[in-house]
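Below you'll find the structures, each written out as structure tokens.
Two complexes come next, and they have one chain in common, chain A, joined by chain B in the first and chain C in the second.
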Partner chain A sequence: MNNPFPLSRDGLLTAYRRMRTIREFEERLHVEFAKGDIAGFVHLYAGEEAAGVGIMMHLEDHDRIASTHRGHGHCIAKGVDVRAMMAEIYGKATGSCAGKGGSMHIADLSKGMMGANGILGAGAPLICGAGLAAQKLGHDGVGITFFGDGASNQGTVLESMNLAAIWNLPVIFVVENNGYAESTSVDYAVATDSYVDRAAGFGMPGITVDGTDFFAVYEAAGEVIRRAREGGGPSLLECKMIRFYGHFEGDAQTYRAPGEIEENRAHRDCLKIFTAKILEAGVVETGELARIESEVVDLIDDALESAKAAPLPSAAELTTDVYVSY
Partner chain B sequence: MPMRAVGIIANPVSARDIRRIVSHAGNLPINDRANIVLRLLTGLAAADVADVVVMPENGGIRTQLMRTIERERRMGTVRLPDVTYLDMPVTSTFVDSAVAARRMDDMGVGAIVVLGGDGTNRVVASSCGQTPIAGVSTGTNNAFPEFREPTITGLAVGLAVSGRVPADIALALNKRLVVTVNGRHEIALVDAAVVAERYVGARAIWKTESFRDLFATFGEADGIGMSSLVGLTGPLDRTTPQGRRVRLAPAGAAPRTLAFPVAPGLIGRVGVLSVETMAPGVPCRPSVAAGSIALDGERELTFGESDDVSIHLETDAFRTVSVSGCMAFAARHGLMVHQTSSPCHEGEPR
Partner chain C sequence: MARTLSMMAAINEALDQEMSRDPTVVVLGEDIVGGTGSPGEDDAWGGAMGVTKGLIHKHPGQLIDTPLSESAYIGAAIGAATCGLRPVAELMFIDFMGVCLDQIFNQAAKFRYMFGGKAETPVVIRATCGAGFRAAAQHSQMLTPIMTHIPGLKVVCPSNAYDTKGLLIQSIRDNDPVIFLEHKNLYDRETDVPEESYAIPFGEANIAREGRDVTIVTYGMMVPYSLEASETLKSEGIDVEVIDLRTLSPIDLDTVFESVEMTGRLVCVDEANPRCSIASDVAAAVAQDAFGSLKGPVAMVTAPHAPVPFSSALEDLYIPSPERIAEAVRRTMGERPS
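Right after this comes the complex of A and B.
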């Protein structure tokens, strides 16, 4: 059977593994968080996997991303070690940031992951710095920042769009639009509800894609990233997506319609949509996907067990890695 | 006879696709889209349309429009129809346009005005039954909807639904293509393109090296998008009861290579193998055994070696409001002229 897709068979299986890993990671965290052993908040990416993976499949380690408070999916899609991530969420010394960051500050510069970020809109100026560095160093690296509709109102995001436009930086602004700015209606809070319109205000092209369709995201992301690598400058990509869980774990979600989540899980689950397409085309077999799923479950089991068993950082570590001398 | 309501479909997701990256297609801001709806409403009100139903959306058009309507009502300077929104779920996809069109047809509106390009008009025409549509060109490629000030479209639609312009003048019958894949039918208003890519992805088509066939209901030499390929090789108007088929190949792989406007700001080159006439009702098969089919510029269907695929032309398939016909009739019969109570003085124009 010919492969009709724009990725090789191995590429499709890699995409599936990454999306499946994010889903399993988040579903297990949903269960574990309720036990009360994890400090702070967690914000789950389940349901949104196609966007993160569809974009990150185009990136290398030297490409940089700046994430959000909902950063687990971005980390996994960018190749951050899952065991180190889980340990970080548990605040353990073996974590990505030695247990001092937690869920909202996971970072791994070796993978180009500049950090999840608890401050809304804070990733945008960081990514302009990464884009400027790539431009000045003369390599083809790109920077991608993620934000949601709430953060789109932050001055940092708008100032960064302006900066990226006037310096023609290789930067992509990705709006992950899951329809909810925590619990505030966009009708109330956003003067113009189109993020593409905001990009146009800075002379920047913007497009909207169905974030539940991996192949739509992959193709669109490929074009904006290619454009940035070739010196075409910044652009905006809006992914319309579905969030399976609340804004944070513990969110009662009274703002959602009855049956909405069940409907989305049944009909707009990006993993089911992706799986159906590749199976229907006969490019992969059910058994291969089941094997990957089993390996992912084992990986998350191991990550959880090792995170729970790992030591906490010592008091002497409290002030290390806080300040950096240049 | 009571005046029938008019439907308006303005989907904010139209004209947001990848062609803004791969070509220089423009962006029509939400505020401008709301402004276009407002101009439509003033035209409809001037033709005495009292009720308008609108497709709901969460993209900002409704918010902007209702703010303006409330302000205008407070000021009392502009007459507008009553505006109500359909009670339907919003998915923020093209599906909303289809659902709204179906609901409006069920309600018995006199006509549906559609903001968008070829793709959005196709979705509405697929679902609106025999309700006439009137396109306002706000899409990426606008071969089907005519470029016109929306105030005039509103006036013409109002004159048409009121019956003040007879139906045989107010309405035009249009051709369409029917694409069938294993019994599933889809339509195209302007063109159906067969491309070698076998996935839908970001939907729009622009990679000319993958183009294999083009089927079109019409093609104008000064048109934009795939149908311009017909316009530049074998022009065909909207009313002649035939279609065109153009067999295509990568540039350099055919005796002739054509440069044509694939999308705004993007001139592509493609090899032309032949230009043929399509007779109504005669099924055609794609030139390739596997690929995908773009309907009015967007990939919608994929097919493989084992699939049964055919494309045929239908004439007199759906109705549109003839804006130019309505306004010409209005001028001839003085439909916009109102008698003043005091007579003109001698020597003044009457």
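Right after this comes the complex of A and C.
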């Protein structure tokens, strides 16, 4: 079989499984949130899977990522346990953070996942630290910080781009540009039309890709990650992508154009685009994808059931894991 | 061998010894080497106050000059601490915390708890604090209460060179983020400091002076001022105990309670502004847990609820003086004339 793609058949199936897992996780959360069973704020990554997975396919556990408030997809793509994530979102003792973090703070440092973050742009300085540590400890790990078009205007991000450039850190700044900073358009809020120009202002290479095209993301990420690993310093990667849901669950999205979401779901669904390509090339078969989809549905079913059944944190946990002197 | 060192030299020695002991200790900050990339001397400054002078030659690769970009480099120090380094970041003045506070209080302070105990953040943020330098409103504050308010941070503010060395070594070895505050007006003061490395545990107050009549609870620059006031009061027949908290979080309230049980009188002295201060915190703790020991109202001596003024005429009034401390002690003794 002739494989025109930069990944092996197994690699393609892994990418599919990860993207499908994120989609299923988020679609199910959307349904469950509407039932009122999930507390707090939840921001869904559905529609944006190709970016997170396309990048994370290049990473190992010793590579670090600093995520955003919209972090579920990054967690799954980086290998964080899906059951523990679901339990965390339900505030249970068995969650990734023992129920103390919630949706916006899922972390697993053993997987190189330094945390989703409720503060926009806060991951950029932290990932410079990850890059500095890799440099000083002499390993080839890279750090990737994700931020949206909204947080791209934060001073922390801009300061960090300068710092990474002058220290030649192995760090990638990924702009997940879904066109909306919460409800506010990128056209209004970002002064430049080109993040590549912004990168140039900091003396680093920048690439803009269609974030709905897994292969475009994969190829560009491979290039900037390889450069960082080899000591070539930081880069910026802009992924233009589609947010299927609102800024947060419960967002009526009245700021979007009529029909915009339906149009995007029909024609710019990164998962549909990916599966169409690999099926058309004949590298994988429909049955194989259906089998993976069925396994993913079972996994999310199980994650949901076990999260709902799991115990809540005990009262004693209120003051553990923190220094308390009185 | 007995020898004396200034607080500044004690900090330098603590950093030197810890960088030798542990290659993952890195020191970073603005001008901490000085002159990086400039055409003149290297090690030009050794920090704005000269505290880190000479260390770059002993530990090349472990000191890093940063751009004037506190959010980025304080955040980088915090991120690096979660990735295997033990960074000591210098914030030139604690007054600059405003531009990097998110990284301190929303990131470093919360990781361990928010991630369910699975993250450690062994970072030290050193900063100068305090008034008396004619440095005006944005380079003279204490801000100790703000740092102490935040769960997850440990807060240290030593009063002498000996404690400074031992507490800084402890701070570097601690696995939680530590805010280490150095009072500018104490930098040149010398005490005996052992050459060998030693760590002073957190949460152990030092009884700087023993006395039976009145307890003063304080920290930082107010320790020598309180000792000075105590000497004046001694000649008046008032025997003052001075407790140097040394660490504000954790705080050693047991030592405070024991002293107040003995003296029955409490004066809280704090160079910070009065509202929600270390002074008010200690007063509240005694009111809650040792009220029965008190023979009269607690007295507080603090800066006024105002920014630090520039003019010497005003700044000297702003800073609690040994005279004001002595007056407060006399008040607790029942309006005894001086």
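One rule holds in what follows: the second predicted complex is superposed on the first by the 318 of 326 C-alpha atoms of A that agree within 3 Å, B and C clash if a C-alpha of one lies under 4 Å from a C-alpha of the other, contacts with A are read in each partner's own complex, and residues count from 1 in each chain.
Here, a contact is a pair of C-beta atoms (placed from the backbone, for glycine too) under 8 Å apart; a residue touches a chain by one contact, two chains touch by 3 or more.
None of the values given here were measured: they were computed from a predicted structure.
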item: Chain C versus chain B on the shared chain A, clash or fit after superposition; value: fit
item: Chain A: partner with more touched residues, chain B or chain C; value: C
item: First, second, both or neither for A:Asp210, with chain B first and chain C second; value: first
item: Which superposed partner A:Ser194 touches (first chain B, second chain C, both, neither); value: first
item: Which of chain B and chain C A:Glu219 touches, first, second, both or neither; value: first
item: Which superposed partner A:Glu159 touches (first chain B, second chain C, both, neither); value: second
item: Which superposed partner A:Gly11 touches (first chain B, second chain C, both, neither); value: neither
item: Which of chain B and chain C A:Leu132 touches, first, second, both or neither; value: second
item: Three-chain overlay, closest Cα atoms of chain B and chain C, distance in Å; value: 24
item: Intersection of the chain A residues that touch chain B with those that touch chain C; value: none
item: In the complex with chain A, residue positions of chain C that touch it; value: 24, 26, 61, 64, 66-67, 69, 71-85, 87, 102-103, 106-107, 111-119, 151-154, 176, 203, 249-251, 253, 285
item: Chain A-facing residues of chain B, complex; value: 12-13, 16-18, 20-22, 27, 29-31, 58-60, 63-64, 92-93, 197-203, 290, 302, 304
item: Residue ranges of chain A in contact with chain B within the complex; value: 2, 4-6, 179, 186-187, 190, 192-194, 196-197, 199-200, 205-210, 213, 215-216, 218-220, 223-224, 227, 235, 238, 240, 277, 281
item: Complex contacts: residues of chain A adjacent to chain C; value: 64, 66, 95-101, 105, 107-110, 114-115, 117-119, 122, 124-130, 132-134, 136-137, 143, 155-156, 159-160, 162-163, 166-167, 320-326
